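Two complexes are shown next, each including subunit A; its partner changes from subunit B in the first to subunit C in the second.
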Partner chain A sequence: MSDEPNKGLQSPLRRKLLMGAAALPLISILPRPSFGAGPATATVNTTGLAVTDTEVTVGILHSATGTMAISETGSIQAEKLAIEQINAAGGVLGRKIKFIQEDGASDWPTFAEKAKKLLVNDKVAAIMGCWTSASRKAVLPVVEQYNGMLYYPTFYEGLEQSKNVIYTGQEATQQILAGLNWIAKEKGAKSFFFIGSDYIWPRTSNKIARKHVENVLKGKVVGEEYYALGSTQFNSVINKIKLTKPDVIFTDVVGGSNVAFYKQLKAAGVDLSKQALLTISVTEDEIDGIGGENIAGAYACMKYFQSLDNANNKAFVPAFKKLWGEKTVIGDVTQAGYLGPWLWKLTCEKAGSFDVDKIAAASPGVEFKEAPEGYVRIHENHHLWSKTRVGRAKLDGQFELIFETSDLVEPDPFPKGYQ
Partner chain B sequence: MINSRFFNRSELIGFIALAAILFVILPLSLDVFRLNLVAKYLTYAFVAIGLVLCWGYGGILSLGQGVFFGLGGYCMAMFLKLEASSVENTKIQSTPGIPDFMDWNQITSLPLFWQPFHSLTFTIAAIILVPGLFALIIGTAMFKRRVGGTYFAIITQAVAAILTILIVGQQGYTGGINGMTDLRTLKGWDIRPDHAKIILYFVEVVLLFACIGIAQFIRLTKLGRILVAMREQEDRVRFSGYSVANFKIFAFCMAAVFAAIGGAMFALNVGFMSPSFVGIVPSIEMVIYTAVGGRMSIFGAVWGSLLVNFAKTGLSESFPQLWLFGLGALFIAVVLAFPNGLSGIWADYVQPRIDRLLASRKSKSGTPWADNSVADGAPAE
Partner chain C sequence: MFGDYSIGDLGSIFVMQGFAGLILFSVYVLMALGLAIIFGQMGVINMAHGEFMILGAYVTWMTSNFFQAFLPSLFSGYFFLAMILAFLASGALGMLVEWALIRHLYKRPLDTLLATWGLSLMLQQAYRSIFGAREVGVDLPQWMLGSLKVTDSIEVPINGVFVMGLTVLITVVVAYVLYKSRWGRQVRAVVQNRIMAGAVGINTEKVDRYTFGLGCGIAGIAGSAFTMIGSTGPTSGQLYIVDTFLVVVFGGAASLLGTIASAFSISQTQSTLEFFMSGSMAKVLTLLAVVGILMLRPQGLFALKVRK
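Let's turn to the complex of A and B:
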């Protein structure tokens, strides 16, 4: 946690400079599509959104400053890349996407204020934004009141569904259940130890995991511990782990706490090549801070890894690195952020309109075949059908794909029997 | 000059200017979205006025005003949240009728200390009394033992940190780090639409002027003079037979109650309350508003809150990635160049010109103006 605020303040600036430098040659190479050939503005925009004959405005609302900047920068980058690519391919309904970026500053009420500004003053057609559950909870009443459209990229706890939100990340059951099934089968795991950060997402995820372990896998949860956000002292829980010897350590520790947790785990002599550890909160972005040598061998349950071997991802990763620098890594949420603008474009084209009500109604069934994670489709409940994957962390900070579900997993934000 | 005893001339000008801007100019010139932002900024002005009393006059620097802002805000938010969590609004939950965050945290019935917040009367009383009593306890514990100055500031910071940890940790009862969101109605009256925002704005401005009046009244009484005396020479006041501790406790409690009213108005105007307004950082920000406005000036406190927050919003909208640096530079510039804040600028540069202007007119018309611009701490009677 100690170095996180620093990083958060420096990196957006550095990245902005990098972005400027990287984008210069790109702009000249890009073919210049002509905009303005789409259907008449009066027919595609009946509710007074910021749509002209040649342009449509969307908002990007993430933390560019503060403690969450380190996590949300990836989402901002992915959304800008998607917007650039969509514009290069002719835009949406013949209109170029223009974006207005606002800073949520890692402060939930600021998110609400900026969301309101984007919807009321700027009349954006959609908002790509939010990261933490807390920021989404703050923004949700605003988008519902002013009838906006929010594309939310983070895997989250579920228990929510809104006409005005498309959840491009996984809800809890999609992320957890298949991974638990896999590790129970693969490792013959019967006993689990849960460690999480103390807020709504880990608590709900662990509740679902506990029900699944006890009722479906017929296993046992031998410990469940929570630590305050930003906490860096994990020695006592590590001692408990050594005493109870669980088959699997299941973690949803977030942010900077991860760095301390995995370092202390290693220092305490817990060897992740022998002790199975399944995390639902560590992506390539976090490993950047933790260090590959501290976490190699751990399993992560996600829907996307940068190392995925498919044609879409092989095009996506180089495009991302070309725009944002060779050293950037792409985690699960960054990829989900990339889906937002594309899904919105596809939905606008299906609906033949920018009107929020029509987009909300047209969303179910929209499929994005070029998704880096493979293929996604929007469900009736505005979440995505997507696969669950398990990867094993390697020394170089990447994941090696170990397992993926054969079919898309249905999103179920209000799981029966797991409440 | 009806107000000649209550306000001196420069204060009267300040009062009229502020009233004109808040009651007339801003509502006429801003759209509802911006007006609602002003309402949000003004909630901090309550805290800043309290700080003028307790820090500027009493010399008690509290770096924990967020605690009282938060207590007031949470009391209000609890009432609003209960009203928003009616059985029909929450039928999707496993236990309908309780706030959503309790349901997520596997709480199946409304905790006992939440029950009284069904009543608006109780809530309004709690907004004043809970922070007031809390300040009384802290104040008594500290000032009776003659803990003051830096030590007191550090302890108030610790209290702010403790309360944040408590709220975040007890998320089943408080909403944790998410805070209480989605507040909808006050006694069935929807607080979200535009016309409600305008009404709430005016209610808040009226309350603000009431607080300004109370603060000004305290300043002008003997009590205010003792506060100033205490700040300058605490021992001398004590040797004169006054109980210094009691006066300090009073100033601290007043500041706490003002902050709590601000917090309650915040919950109403923003429809939101979270631990991010309780901790150390917001508490220090509130001191900054007071410092920018000028810690000796009640009107300055209002201007400071408005200016800093306008700068915050404006800079962050124009420069989403660099705005914090700009804001930091603004603080440094103000403190270096104008240690007495905005009110210092007014008193040093603007007021003399107005005086000269008035003086020239006075000599023409010959009206006998009573010069009652009394220096702080000088006897008035």
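Let's turn to the complex of A and C:
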């Protein structure tokens, strides 16, 4: 039963898909791409992947159930949109992409098991998947052992690089440093208060941020606090923030705690239009739960905002909403999820093959000019060159772009002097 | 850490920190009251307590949407109606669950642990299918946002004061119902000796059902109130369940007073420690203290004296 491609979709999505299916007769009037005109299967697939003359199979591996479904739903949606668009444009090497969706169920051993199933039983050519670092760490040994290809969408703490993984989100230095530089310059910020959830990503990110504040910006970290995942009480730390009066509150709180933190900050009378707050963990998705009025005025530092004003994004946002509903919002990770299938397609075409070894070797230098965030290119270390941007949260839950780096920022997963 | 601050600054921070502790206390009491009735009085280990709370939160969310769409002029007062609806919805679901599931397990109290845990998973997935996997944002009326400025430097969150008031009100009502009303006497009689209570003509099945419903209903109110300070999503209930059991067990299972005393000591310890050290460390030390005290006093802070 878990082999059904659409298993685990919540009912509104399923309805959308059915509506999409109902529109198929209309599409058939349009000129349809013909599949099967690509190079011979024997030449593009020498390692026994699930590739036929007309089809190639990939896996989607995210949590559609459990606590992480909140976050991963957007990635699933983006990846399906990308696959649909690629198929409409003629597929990959003349083959239509077929996907098999597996549910990691917010449970890390399940992720590893499903990854193995996708690679060993289904012989998928690539996996779009994982979200939390914990799930990626569980899947990594599996994709390395069975030589698979994983496209991982989340911004993460870095300190990892694998032949078998393409990281389409930013690693920590890429995301954080430009934002800190900007706020130090723009607000003359000298003192910082760090608050995060207690696990690897916030701890590593704050470690990098602390080194940067102390060694490069010559500022001071006046407080560094961690709360257990799921904590809902922040009144004490908010009092500490009031006492230390930092120039900037720097946050990487995640999940349900996020909502509690901003609600209590607002209730405690901290006015984000006067008190600068820089977050690396709140995207448009999170604001849905937090409520625009609780976070308006805060700055977020990442690579993509739904409100970006460029031609690629203006095509991407309506296409996404058309497929998944007018009310859906698109956050940084959702956009990075969208990059995965496209980068894989472009790499396959560059390599002229679906073979994982050839794709891993061909990946560096692949550029995607139609990326909603503007332009991305794969680095030798399998991360992406991308711009870093700062946005200010508005009442309606969107971000207003305040700053972007003039050049692409080089990914540096093992930053010297920051460990 | 205090060297650079004036006496005035420190004074107001300590006042605000005191309030933070009181707010945490109210939150703990509010979330534990329902469970104190269900676990404390009936001995049912209700792992789905958090999900009953979240049902209340979703009811609040739906009420706020309804008012925004159809009665925007009355929006500022919707929260009171929402809490009543949350009580009724969670209470009704509680009675249904008692009838379908719990009543078959009174003789096997440990099995209720497994059964209600399964129930909590089912409810979570039901919320996810009905309301979507993402968290929903509950809009609050303007007067509930922001803080009260007591002096120039002392600010108290309005929603915190609201939760405190609500907690006092509900505690008083529950105490009255349990200890003064006729029905409360029946509940206590059933708890202490089910067979004898039945023999003197108390309808024990009915008492059980209403007691369970009352406990779940109060969980619903708590969930409704927590939309002001926390998140509302399919799995948000899980955020509360551990603390809730901690408070009830530490207080002594069958004692309302124990629950209050335990909520007070845990919240004050935690909020004081949080101020002087990091959040995670404060939690660790609080839990260690609780474990230590429970080793010395396994029955909890206050235990009902009954002949065994």
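Here, the second predicted complex is superposed on the first by the 388 of 419 C-alpha atoms of A that agree within 3 Å, B and C clash if a C-alpha of one lies under 4 Å from a C-alpha of the other, contacts with A are read in each partner's own complex, and residues count from 1 in each chain.
As a convention for this text, contacts are C-beta pairs under 8 Å (C-beta built on N, C-alpha and C of every residue); 3 or more make two chains touch, one makes a residue touch a chain.
What you see is a predicted model; the values in this text were computed from it and never measured.
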- Message: After the overlay on subunit A, what do you see for subunit B versus subunit C, clash or fit?
- Response: fit
- Item | subunit B versus subunit C as contact partner of A:G289, first or second or both or neither | second
- Task: Would you sort A:D198 into first (subunit B), second (subunit C), both or neither based on which partner it touches?
- Result: both
- Query: After lining up the shared chain so the two structures overlap, which partner does A:D53 touch, if you call subunit B first and subunit C second: first, second, both or neither?
  - Reply: neither
- Item | Touched partner set for A:E186, first subunit B, second subunit C, both or neither | neither
- Message: So in the superposed three-chain picture, is A:A228 touching just subunit B, just subunit C, both, or none of them (first/second/both/neither)?
- Response: both
- Message: Taking the superposition on A as described, I'd like to know which of subunit B and subunit C A:E410 touches: first, second, both or neither.
- Response: neither
- First (subunit B), second (subunit C), both or neither touched by A:D103: first
- Task: Quick one: classify A:D396 as touching subunit B (first), subunit C (second), both or neither.
- Result: neither
- Message: One more residue to check, A:S133. First (subunit B), second (subunit C), both or neither?
- Response: first
- Query: Which value in Å is the smallest Cα separation between subunit B and subunit C when the structures are fitted on chain A?
  - Reply: 5
- Note on the structure: In subunit A, both subunit B and subunit C touch residues 12, 64-65, 198, 228
- Message: Using the touch definition from the top, list the residues of subunit A that touch subunit C in their complex.
- Response: 10-12, 64-67, 69-70, 73, 198, 224-228, 230-233, 235-240, 242-243, 255-260, 263-264, 266-269, 285, 287-293
- Within the complex, which stretch of subunit B touches subunit A? 31, 33, 37, 40, 92, 94, 101, 104-106, 165, 168-169, 171, 176-179, 181-182, 192, 270-272, 274, 276-277, 313, 316-317, 320-324
- Where on subunit C is subunit A touching in the complex? 5, 9, 13, 16-17, 19-20, 23-24, 27, 125, 128-129, 132-139, 145-147, 149, 155, 157-160, 226, 228-236, 238-240, 271, 274-275, 278-280, 282-283
- Message: For a test of understanding, state which residues of subunit A touch subunit B in their complex under the given definition.
- Response: 9, 12-13, 16, 64-65, 101-103, 105, 107-110, 112-113, 116-117, 120-121, 133-134, 137-138, 140-141, 145, 157, 159, 198-200, 203-204, 207, 228-229, 414, 419
